[in-house]
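Two complexes come next, and they have one chain in common, subunit A, joined by subunit B in the first and subunit C in the second.
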Partner chain A sequence: MAAPLSAAKALPLLAYARISILCTTSGNRALHLTPGCCKNQAARIRVGKGDRPLTYEQAYHPHDIAHYKGWLSQHTSNLQGEEGAAERTVEDVFIRRFIFGTFHGCQANELVIKRRGNMLIVCALMLQKLPPQKFYFLIGYSESLLSHFYKCPVKLEIQTLQDKAVYKYL
Partner chain B sequence: MAARSGKALVSLGRLNGCGLGLHTSLSRATYATALTTTTTGNKVFPERGNRGGFARKPRRPPGDPRTEKMAVDQDWSAVYPAAAAFRPGSVPLPVRMGYPVNRGVPPEKRGNLELIKIPNFLHLTPAAIKKHCKALKPFCTEWPTALDSNAKCDEFFPIKVKTTDYVSASNSIRNPAARIVNLQVKLSSLNLDDHAQKKILKLVGDRYCKDTDTLTLTTDSCPLRKQNYDYAMYLLTVVYHESWKTEAWEADITRADMDEYIWEDSPSQKNILDTLVRMKAAAEGEEEAMEEEVLGRPEVQEYKDSVSRLKNEGENESSLLQYREAVKKVLQL
Partner chain C sequence: MAAPMAYRRAVCSLARIFVGITKLGTKGLSACGGHRDCRITRSHVPLRWSTSFHTGAVFSSPSSIRVTDEPDTLFQKVSVLVKGHDRAVLDSYEFFATMAAKELGITLDKVFEPPKYIERLTLLKSVHIFKKHMVQYEMRTHYRCIELSRLTGSTAQVYLEYIQRNLPEGVAMEVSKIAMEKVPEHILEPLWKNQPTDRTGQ
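Right after this comes the complex of A and B.
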């Protein structure tokens, strides 16, 4: 009976003590703010020393799409009155990551994804880092896995290059 | 365990090498490079990282692109039999695409992603289309010779049903908008008498277009196209049969509800009869109500026509002129 009462009385005393300690320590801990720097940094490689090779795709920034560049992914879901745009976008993102990982280090440029009716066609430019047999295996593996995943025929059209097509150096 | 498994795999490799009979001396080595992870004890086979050694097959130089070996009169539909992305090694054209670098030219076709991005019609040359038509011809049937004009088509097939199928770039063929059925029929092709014509217009309301004399029924309330089609045909049948029926309460129609102005028993008739009878009475002094005789006069008939025309058609120059002439004649001005 007596013990809990004293405990209840003691707690608020302690709390007040803590607060007073905080207020009396030296140094003001306020929040520091700097003005925001509203820079666009999407898909942009900034000018450097001049030794970095860029492909045409990397050289032009996103605001140049429809001016100097085309679209990497084409489907009809973005037209007026059509549905499924979000699903197609998610599919595209997955396919890009999947191919990047499956053909690791071999990708020369971005993937181009086309949809022709039901079919998904992935056009890729690859470097000749792997022997052809391995390429064929990976192509078959990707096609069958993605077809089963997306329940539609997926075709991979791969072209190989000796080295990346350089547009300019930044 | 590892040694045993290694031996088993090595024996497989040997068998395969004998079977191929091609480069038997190297076949052991090619399989060995895959095996060294398991057969750590065997030092006969070379190490894995030895790229420059005899064990590794020398890398074949990349061959010439197909464009170098193409004949001028080749069959192009064999190069591009179906829609495909642009392949610089298969298209013997010096195409360039892209914005040129400063003091440069547009990038060449090799490794050019822009050429791959755009849709191409390399698979649809005129020669290829001729082949397609030739292949499709056996499946086509002749147009019936009796239907050689639009009028004849309308005469034999007055009901026109429109449905739309939708294709989209997704893995689903379902589209809820595909269930909509549009049925169009010209009322002139239906057998309707005067009463039926007026009644069907009242029943159908907005769905009738006066300019083209077309009744349009659009059904989308059912989930399936077949159901919507059946419902549209049912609606047409019901509306047609209902318009021929005359209900008992249709006789209770009041003057205000009628579509057309009917001169008989109208205030206009009463007024003109009154006027003419009084004129006659004033002139001749007879007060006989010879209404039929008055009505039978041609001027009165003309007046009736002009008033009906004014009320039904509205006021325009010709109808007002006609009314003026009729009034002048009736009142003998």
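Right after this comes the complex of A and C.
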């Protein structure tokens, strides 16, 4: 008996809501306020018209790390009993901005930064926008500059592509 | 004389396994039990970096083998604990380490996986207010333990150096060693054995 009652009640409400939406002059519109932070928006690209190309890295969300995605920055300081996480993070951020600016417009995907012992290895995917001689020069320049900044051997391992590798369109 | 022979054999078998070595001398790890003054060999790793297009394995002067008359340290147990975020990486590293130990003829005591440790953080989602909306992060640390038993100091040195050179990025290692020492002579025999026979009942 409850169901038909609620149905009977719902109909006039719906009718009322429709009427209130149609007539803009009446001030009886229900307004639902939400604080602006309910939805997660970290590293997420929302669904759009279907013309925006996404790489594999951009297509999967942060909760898919260790399931569909790997880690972009590999070091031991986030393990149990290890220190230095903040310093490594700051170094990583600097390196990403540095490489983005040095190889301007050529970066195809996010950098992968690995630390093996003393060494910093930066693996990058680049587009073939510059002639190889300029690439060689920029690689040597960034390697020597970064190794002087961080006082450790820095190796840049670069692979070039014709175009960005598109995983899907959103 | 057994120790240098074993060391030479170990280095020869390592040369079979090694693909390429960057130029460096023997980087010795302190293999001492603590009490005896073993020779700690430590040589500085020269910084050498080059662009990825020009790197190549360069064989410089071969690592020198030090022959001494001192008896080698003996380890009852060497326990290697590796930690990482990715279980698959630790699986493959364990396969590599156990294979290397078998090739060098080291007895594997046990290889097991201690339970993982998850550190969870619950933080506020917004910069200002909105206490009801929080975000949770977690950091998982997986472990793998490889225990080797009854090694000599030089074997342990060589094995650990090989293992550590090939440690993958994002994996940390802790090594603990239990050394065996000769019982000091003054406590070999109990005191009361050589006591004079006249003992008053006290």
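One rule holds for everything that comes next: the second predicted complex is superposed on the first by the 133 of 170 C-alpha atoms of A that agree within 3 Å, B and C clash if a C-alpha of one lies under 4 Å from a C-alpha of the other, contacts with A are read in each partner's own complex, and residues count from 1 in each chain.
Here is the rule we use: a residue touches a chain if its C-beta (ideal position, glycine included) is under 8 Å from a C-beta of that chain, and two chains touch if they have at least 3 such contacts.
Keep in mind that this is a model prediction, so the values were computed, not measured.
Subunit B and subunit C, once both complexes are superposed via subunit A, clash.
In the superposed model, A:Asn40 lies in contact with subunit C only, and not with subunit B.
In the superposed model, A:Lys168 makes contact with subunit B only, not with subunit C. By the document's definition of touching, of the two partners only subunit C reaches A:Glu143; subunit B does not. By the touch criterion stated above, A:Trp71 is placed in contact with subunit B and with subunit C alike.
Looking at the shared chain after the overlay, A:Gln58 reaches neither subunit B nor subunit C.
Of the two partner chains, both subunit B and subunit C are touched by A:Ile121.
Of the two partner chains placed by the overlay, subunit B and subunit C both lie in contact with A:Glu157.
Once the two complexes are overlaid on the shared chain, A:Gln107 sits clear of subunit B and of subunit C alike. Of the two partner chains placed by superposition, only subunit C is touched by A:Gln80; subunit B is not. Mapped onto the common chain A, subunit B and subunit C collide along 135-143, the only clashing stretch among 135-143, 243-251, 261-269 or 279-287.
Of the residues of subunit A, those at positions 70-71, 74-76, 82, 114-118, 121, 152, 157 touch subunit B in one of the two structures and subunit C in the other.
Contact residues on subunit A toward subunit C in their complex (touch as defined above): 35, 37-38, 40, 66, 70-71, 74-76, 78-82, 114-119, 121, 136, 139-140, 143-144, 147, 152-158. Within the complex formed with subunit A, the residues of subunit B that make contact are 62, 83-85, 87-89, 98-99, 101, 107, 110-114, 116-119, 167-173.
Per the touch definition, subunit C reaches subunit A in the complex via residues 45, 47-53, 55, 83-86, 117, 119, 125-126, 130, 133, 135, 139-141, 167-172. Interface residues of subunit A, counted against subunit B in their complex, comprise 55-57, 60, 68-72, 74-77, 82-84, 87-88, 108-110, 112, 114-118, 121, 123, 125, 128, 150-152, 157, 159-162, 164-165, 167-168.
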